[in-house]
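Each of the two complexes below includes chain A, the first together with chain B, the second together with chain C.
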Partner chain A sequence: MNTPARKTALPWVLLASGVLLFLLPWFWSRHLHAHLGRPALVTGWWLFAVMVFLCGFNARKRLAMLPLGSASAWLAWHVTGGFLTLALFWLHTRSLWPRGLYEQALAGLFYLLNFSGIVGWILQRAYPRMLTGSGVEIIYERIPAEVARLRGGAEAVVLACTRATGSDTLARHYLETLDWFFRRPRFFASHALSGGRKARAWLRQQCAAVRLYLNDAERAHLNRLTALAERKLEIDFHHAAQSLMKRWLLLHLPLAAAVMLLALWHVFLVCVYAL
Partner chain B sequence: MSRPQRWDAPFGPDMTDAAVDRLLARPEFATIRAGRFPSHAPLREILRHDTRLVRFKAGDLVVREGDYGSSAFVILSGTLRVVLTPGLPRELLGRRPARRRGWWQSLAQLWRSRRIPEVRDTPRAAPVTRASDGDTTMLRRVFLQDVPAILDAHKTAVLTEGALFGELAALGRVPRTATMFAETDAELLEIRWQGLREIRRFDEGWRRTIDEHYRANALRAHLRATPLLANLDGPAIEQLTEHTLFETYGTFDWHVSYKRLHEEPAAAAAHEPLIARQGEHPDGLLLIRAGFARVTAKLGNGQRTLIYLGAGDHYGIDELYAAWQTGQPAALETSLTAVGYVDVLRVPTHILEKNVFPQIPPPPRRFAAAAARPLAADGLLEWLVDERLINGTRAMLIDLDRCTRCDDCVRACGATHGGNPRFLRAGATRDHWMVTHACMHCADPVCMIGCPTGAIHRAEHGGVVVINDDTCVGCGTCANSCPYDNIVMSVIRDARGAVLLDAADREPILKATKCDLCEGQLAGPACVRACPHDALQRVDFRDLAAFGKPS
Partner chain C sequence: MNYGNPPPPSGDYERPNCRFRCGRGAAWGQPCANGPSPDGQCGGTSECQPVKNRGRFECHRPADQGGPCGDGPNKDGSCSMRHPPCAPRLSLRARRGRVTMQVCGLLVLLLAAGFHFGRGGGAKPPAADPGPLSAKHASFTRGRDCAACHAAHEAGLGGMLKAAFTANDMSAQCAQCHAFGGPADQPHNEKHFTPHGHAQATDCRACHTEHRGAQGNLTPVTDAQCNSCHRVQFAGLTRGHHEFPAKFPHFTRGGIKFNHAKHLLEYFTKPDYAARAAKSCVECHATSPGEHGLRTAGFDATCARCHAEQIPQNDLVVLRLPEPPAPADAAKLGADDATTFMAWFLQRGGTNAPAYGTALHTFLNGLGMDGTASFAKSLDAATKPGAGAALLAGLNAELLTRPAQLWTKRQKFEPSAAKPVSGWYWLEDLFPELRYKPAGHADPVARAWLEFALAAGREPNAPDAKRAADFRDEVTHLRASVGRCVKCHVVTAPPEAPAARELAWRYTGSELRAHTKFSHGAHLGLTRCADCHALDAKADYEGQFASFAATAGVSSFSGIALANCVNCHAPGKVRSDCRLCHEYHRGPALKEMSVAR
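Right after this comes the complex of A and B.
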């Protein structure tokens, strides 16, 4: 099968595999239930095995030098496996919220883990196009340097305006408002949630507020300052979006580690006391 | 400030009047009629500024098979040996031995990667080269340690005083076809391509010699390899071989002017030398032997790029064939310009009509489909040509609409290169495509021109351009030549993190570093496999149909 065909077929293979991997333990547990067996053992081990497989994705990332398949295929299976664990979890516990403090802690972390995974997956689908649409491309680690450069440029414009016109109106306004804006990435929530609509409105307002008191020469400087501020808005958006796309993993990975630890202890307890 | 002139920077510093007089007295140059040279490029000035004297000790490698060079040589004294097929082992030429890691060696990279950047095994950091000993005509170079053993083990031919070699690679922008080394101490005259082109243009004897070399060595094979002519019978090929003309357009070192001009694409396009003009009569079929050419057509008040041509492509067959069939005079429907440097073979019309057209089916009208596409689709091609990205055979292309900027590709690259990523996830961007600063393993690898030790070379298989770290002397020639800034000169360190210094001048030792497409790695390019979103691919821009499709 050639590559494009494989890519077209992959969603169907994933769906079919997911359904199969759920139906198998389901029928098995029904069979055990009907014969007075212990279906929770089967569904529990099945769930645990899928969770171990999901952890394998992180290991795959670290073993980039080995031919362990493409990370994109691993991600596709990881997402499928994530949804499968939800179904298997309900099959295993036979409820949405189990009884017992330990089990509730495990379930709570498990739901959080799944939630963080879904949110991360959505973020990774939504933000890249928005970042491209911004017309700016910047490496995350270079954002502080770029912000500093823009701040330097803005201050130079303001000083030039004061020198050239002898008026400190623009400088005063800059110190009162835009200096805050240029100091570091701002409007994180606005950029993260609405693409920076509020931030843009704020900037328009600040520029309009001072424009009334400027003459033509000063307005030329304000226009240059506005251009720098608009670039800063795009950088701020990159900061917010790239931060979220990187940092959601800082939630997802510790949660995964916690869930695996609790699950291991749960397995240990079951093996020691319930068998 | 005065405008820079062609000969502001002479090729070598030692070409005095006496040296030029000595050359002019030699039989190779004494027969040249200096009066035929124009006043702006007299023979004497060409020799003074476009040549230099270079001396080799016995055993020194003069040219290596597979190297790209921009100059030819004339032997002034001493003898050289040409290594006939099979050539010398790659290790002797300063090449990196091709080794593929096993599973365990691959896995071991996990713990062998260092936190300190660019750590080198100190004893291996010193290249196997012979220094110049203060003599400016003795460049730092790789040498063969046991010449008698090599003569015993390999078939060689002798080149003696007066022999001209290297001109095909210098004018045709093709790799050197053989390795040559000095059998005895030798003095050579090295002629850079600009001077060689002038001498060939204005002196019949040199033109005949160079053309005969090419006809004898490469032309027939090239014609046979051209799909359009592949089915011709023997006599027809012989006719073509005999009558084909050789032409070059643009500048060999286009990468120098490109860096200056690429900030202004319109200016860059204006600097492209015209090879054929739309509306004019075509006087032959043009075969592209090396380099790139842009096919354009007038549209409104501008020129629209329809397609670009690379090595193996041809131009003008449609109009010539139609004219031959109808008996009407032909007029070109498009223009052809040289993108950077292009080496062209011109097959005269009367030879085509007699030997080729009766033997081939009507050629498809190749540019018609390109002309019919929407104007909106032009931008991408224009961008690729203007940025010279068409040179890339394995460029790293990122779909920014998919890329989450997670840098897993960078981390994977680091994991397979001792902790040192070999590319920068930034670069030329258009629409949602980014061509990153990763070596593109170019069709025309200008970075390979001038490497004094042959450290940068094509790998044995697959055409990947790699650097032998052991023989890299850190001169920076390759990094300065790369038009795309894809080679980085890195300061190397010992295992404790201390910068390694040259014992002589206490300057840090540098090594050229770049993407090697994970050559020798078990699983191929790690960057491509590491992308969880299929955003990254390595593409050959010669295959535009595959552009943007997942790899």
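Right after this comes the complex of A and C.
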């Protein structure tokens, strides 16, 4: 169980472990360097071992039935290991950018992988809190059904308004503006980057624009339509946030596989040409 | 119409472990209740799966989909509410796996292509390119590229797999082109390291790193790395480096005798010589900014100003004709009036040699008949073929024939009174003497006779060793030697043969210890010569030549102290790292085959 004490101590444990796991090869490589040894071998294998450990996180998620520790703990170690690999990479290569073509490819992919990992970590830290604060809970795979349901509801309100009042003002306005809005999740960038501010402003504007031309009976239908649209906004925000939280792995995992493949190739070349 | 919370879940196909999701949902329509099959077929073509109950088919559409329909199932039991199939889409997870496999496959193809198509013909495959070589190695390995140093490069896949699990002796590859004055795999290329205790075999890659680009540093060795092997360790030239030896760098006595102190402090100050004296050190010792050592200008440019006229003053006396004895007394003739050369040359063979008088008679008889030919032949027999020609170069046969014939006929030979400027001539002293006057410095005949004389006394146990030594000592006498060569050229007895003598013809200069280097050119104009080379007027320079043994040298300069160097070579000033003054390798050179490539 994650007691408060454990939760407070964990970052420090991770930090200390990361620093220790860096300092050990650092001192070892310094000693070897001073004694005309081959520090690149030590730092290289150490880096490779940490990378293999990082790949173990994916395996842990697939082997959920085995008692291998909580996924949150693995994530914490995964993030620590990710930063550690960056430091170990620089310790191993002793430069920011290597010279050889395939080594540059490996370094480029490695930097991209780290960058995607950092971005993903930021996403995983920032969005869940915002999603909880939205007041709506919905599973990502059920968003299409909810969007369809809201669209059906909105169309029903508009039809009911036309039947009840005999006026098609609201219907025409719906066809020209809100129909596009209810068709699928909209304002992805606005929800992803600024919490949907632009989307809310757009909705307010559309509703305010038509309200002037409606009578009281029509306004009641407009209010119901607006409530559905505001719910749609929340769903759109969930779609944007959860999409990002899921889709960044489309970049991170293939990059990780590519980096591991190139790392194995690097090990093979070193064994053939240099050892 | 429920506009509040979403409806309860209708199925489990929305779980992310399912490979496919409903195509209608993907198009933002209402997804079906069943979802796609595991193989990606649409599962929403009908709204329900009718169930037969008491002989009748009943609609079992879920309540969240609207409950049982009004039309009910068809008579054959199929659902009446049918829809066209959707196009199921891969789930996000499945797409992720597919993209990962595609990326890996593409990468494998690129690596294989980049490795295969880039090999052969001396090319460098992009998929194995670790970076450009240094400019030196790049030019020497052009045409073979990777295979020049990496033997496994041209092996097939099997060979490379084997190389991956076999230790690769890269140092042996380096040694194909690089030669040293000692074993390549020992520290400092020294054979014996016992004074420093245990020393491990070395690997070139411990200090040399390639593939750092054309301008890359091949040897990024730090002082700390040098210190790692040495028992006596120190932080830098100004922090712990031991003082230079007292006589540094004048450890040996050199090949040319030149007392700097005497010349600079005494001779050059005399009015007779002041005008001819060198005004600065560089008149005799030239260098340039790009050179390490000093070039000492030759005799003609330096010493000749004062010493050239002295060389012809000393002649070489080869033959002396005594009074011709009566034929009956020829055998009784002694070698008392003979030159040391004749006394030795005509009595070689010890007790087996004929009497001196008989040998002289035979010798002069031969001269009278053949002139220089028989003399040269005899000299060749005493040393080596061709030596006679060098020793008698310029000697006219008539100069030998007529005097020899007169002597054998017991007639008086009267040499000409005229003395030549140089070359062979007869001089009447007490007896007629065949002499050689050197033409000047580096006279080849004088040199040949000096070497001949030195070689004569090489065997201390030979029967004629005493006479040979007398001949040698006369020719190499400090004051009486031909051309006065020995005045400046040092005669040394080698340690392995103390009775022998060797003459140094060339200036060798102070020899730095192995692995130490100094560039005079780099210091040109920055310091004065006297800042490091201070004259020591009290040094017993001449005394070191009293013995022929190659004793430790005595210089007319004081030893150079560490303090001379650290004035400039200190932290914050000029470089003071180990490699500035110390060369790790002993005698590094390139093998001819590497240049020929």
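The rule we apply is simple: the second predicted complex is superposed on the first by the 268 of 275 C-alpha atoms of A that agree within 3 Å, B and C clash if a C-alpha of one lies under 4 Å from a C-alpha of the other, contacts with A are read in each partner's own complex, and residues count from 1 in each chain.
In the analysis below, contacts are C-beta pairs under 8 Å (C-beta built on N, C-alpha and C of every residue); 3 or more make two chains touch, one makes a residue touch a chain.
What you are looking at is a predicted structure, and each value in this text was computed from that prediction instead of being measured.
Peer 1: In the superposed model on chain A, is it clash or fit for chain B and chain C?
Peer 2: Verdict on chain A: chain B and chain C fit.
Peer 1: Should A:L36 be classified as contacting the first partner (chain B), the second (chain C), both, or neither?
Peer 2: second
Peer 1: Quick check for you: in the superposed arrangement, does A:P98 touch first (chain B), second (chain C), both or neither?
Peer 2: In the superposition, A:P98 touches chain C alone.
Peer 1: First (chain B), second (chain C), both or neither: which does A:K246 touch?
Peer 2: After superposition on chain A, A:K246 lies in contact with both partners, chain B and chain C.
Peer 1: Taking the C-alpha centre of chain A as the vertex, compute the angle to the C-alpha centres of chain B and chain C, in steps of 10 degrees.
Peer 2: Placing chain A at the corner, the angle measures out to 130 degrees.
Peer 1: Between chain B (first) and chain C (second), which does A:L63 come into contact with in this model arrangement: first, second, both, or neither?
Peer 2: Touch partner of A:L63: chain B, not chain C.
Peer 1: Please name the chain, chain B or chain C, that touches the greater number of residues in chain A.
Peer 2: C
Peer 1: Mind working out whether A:I139 is in touch with chain B, chain C, both or neither, as first, second, both or neither?
Peer 2: Both partners, chain B and chain C.
Peer 1: Can you report the least C-alpha distance between chain B and chain C in the superposed arrangement, rounded to whole Å?
Peer 2: For chain B and chain C in the superposition, the minimum C-alpha gap reads 6 Å.
Peer 1: Do any residues of chain A touch both chain B and chain C, and if so, which are they?
Peer 2: 139, 246
Peer 1: Okay, in this complex, where on chain B does chain A touch?
Peer 2: Residue list for chain B touching chain A: 101, 103, 106-107, 109-110, 400-408, 411-412, 415-416, 425-426, 429, 432, 434, 521-524, 526, 528-535, 549-551.
Peer 1: Which stretch or stretches of chain A touch chain C in the complex?
Peer 2: By the definition above, chain A touches chain C via 33-38, 98-103, 138-139, 141-142, 144-150, 152-153, 156, 183-185, 224, 227-228, 231, 246-247, 249-250, 253-255, 257-258, 261-262, 265, 268-269, 271-275.
Peer 1: State the interface residues of chain C toward chain A in the complex, per the touch definition above.
Peer 2: Going by the criterion above, the answer is residues 1, 3, 6-7, 9, 14-16, 21-22, 24-26, 28-31, 92, 95-96, 99-100, 102-104, 107-108, 111, 114, 126-132, 146, 150, 152-153, 160, 163-165, 167-168, 170, 202, 205-207, 211-213, 222, 224-225, 227-229.
Peer 1: Flag every residue of chain A that touches chain B in the complex, lowest number first.
Peer 2: 3-4, 7, 61-72, 74-75, 124, 127-129, 131-132, 137, 139-140, 242, 245-246
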